[in-house]
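Here's the structure we're looking at; comments come further down.
Chain IDs A, B and C follow the sequence of writing; residue 1 opens each chain.
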């Protein structure tokens, strides 16, 4: 039946958009994390970390 | 406050012939409509009020980014914000809005009847549209003040202001056009949408300057 | 905590996001797992749900469309609450929360519009009607995009957060007016003939999967929101640390 196509496509679109959102968040997360680790490896500390362990 | 009004009014008039450009833009928009929808006079007279409203809305948005820009450029915006303990900043913004409206939007309202003739509208419809424009366009300027205040620190905020402000002006457009139609068609009411339009203008006369002054304070400190 | 009280702003600013990060680290796997579980259960229930006698199997679109529409409004409410937090208390997490929520809210609103359109085509015979509800959701979508555009346009995160907060609150005040005006406009232009076929109460066999799906998507939303907030905090730290690195390189260059 033709209605099935509409149902499937609406579920499909939702799945694609939500997966895209999750993928974007995960990629962003990895990028920020590696950048953070790279900077920390260079020995750069934020002010707060200095305050905590001088 | 009167001094500020006169100063802003002069400034808006002088700034690159602001009012004239607005009217020309309005004229151009209205002149383009018949080429888009065809020279059918009956159709034109039916969509006339709506077209006048949309043209006035776009033309009013066009000059909005200049509301605080000139003051920011010469530094007087900081003075106005700092003077906030003497007069409330919201009142200052309100006065600036009315000066801007008188200088750039009021000419549009006055030009609307002439453009209405192009659209083959009846005198009654022209009068009703001009009246609704007179009551409704201050709301556009007042909402726009919020957008202009938010985008004041951006180098090219003009387009962004329009994008931000347009969704918020939908109620004004709806009630303005339906009041204009209500005056000409038998079945639709005129007074109810007209009064709601006036209420929206008064409502934004409070909300708009308050939000705009908050945005200005945040952007300067 | 006495020394925190002595210099309240700076230390609280830094302590809170750190605490949030550790909280998010422990909470996120559970939240993600729970939302996946509830969504799977909801999906199973909605596949097995009976077809509506009027709408046939297209009623299954309701199980995702209604949660999306609901979440699009909840997300805006959350952003408005965060904006109050930004403007009144200048809480550092509030503006992170508002900024992280905007793209997710826009995505959910877009999904509500798309699934609604896909539901409308077989039911009403058209992809789009200027129905009051559709129009207001569409305006909501435009407002999300405006907020995102504004917060991306300004460089300084503190300034952009406050500007976006003002815009969010003005929009929040405006939403009832827009809703009311669109209702007015709709009754003026369209006599109520196009839709509202099955306005009756929903059958419990359909209501139960709907509620489970709504719960699942709400959990999903909070999972995504927490992830986005964590990313945003990390991004700000990276920017701060880059600045420090540049300053240090500058100092070294002067010494040498």
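By definition in this document, a residue touches a chain if its C-beta (ideal position, glycine included) is under 8 Å from a C-beta of that chain, and two chains touch if they have at least 3 such contacts.
Note that this is a predicted model, so its numbers are computed, not measured.
Most remote from subunit A, judged by the distance between CA-atom centroids, is B. Averaging Cα coordinates per chain and for the whole protein, the chain whose average falls nearest the overall one is C. In this assembly, the C-alpha centroid of subunit A lies 42 Å from the C-alpha centroid of subunit B.
The centroid of the Cα atoms in subunit B and the matching centroid in subunit C are 31 Å apart.
For this pair, subunit A with subunit C, the centres built from the Cα atoms lie 16 Å apart. Among all residues of subunit B, none touch two or more other chains.
Subunit A makes touch with subunit C in their complex at residues 1-4, 6-7, 9-11, 13-14, 17-18, 21-22, 25-26, 28-29, 32-33, 35-36, 39-40, 42, 44-48, 51. Residues of subunit C touching subunit A in their complex: 11, 14-15, 18, 56-58, 60-61, 64-65, 68, 103-104, 107, 110-111, 114-115, 118-119, 121-122, 220, 224, 227-228, 230-231, 234-235, 237-238, 240-242, 244-245, 248.
Within the complex, the subunit B residues that touch subunit C are 146-147, 150-151, 153-154, 157, 160, 163-164, 166-168, 170-171, 174-175, 178, 188, 193, 196, 200, 203, 207, 211, 214-215, 218-219.
Contact residues on subunit C toward subunit B in their complex (touch as defined above): 87, 139, 142-143, 145-146, 149-150, 153-154, 159, 162-163, 166-167, 169-171, 173-174, 177-178, 180-182, 184-185, 188.
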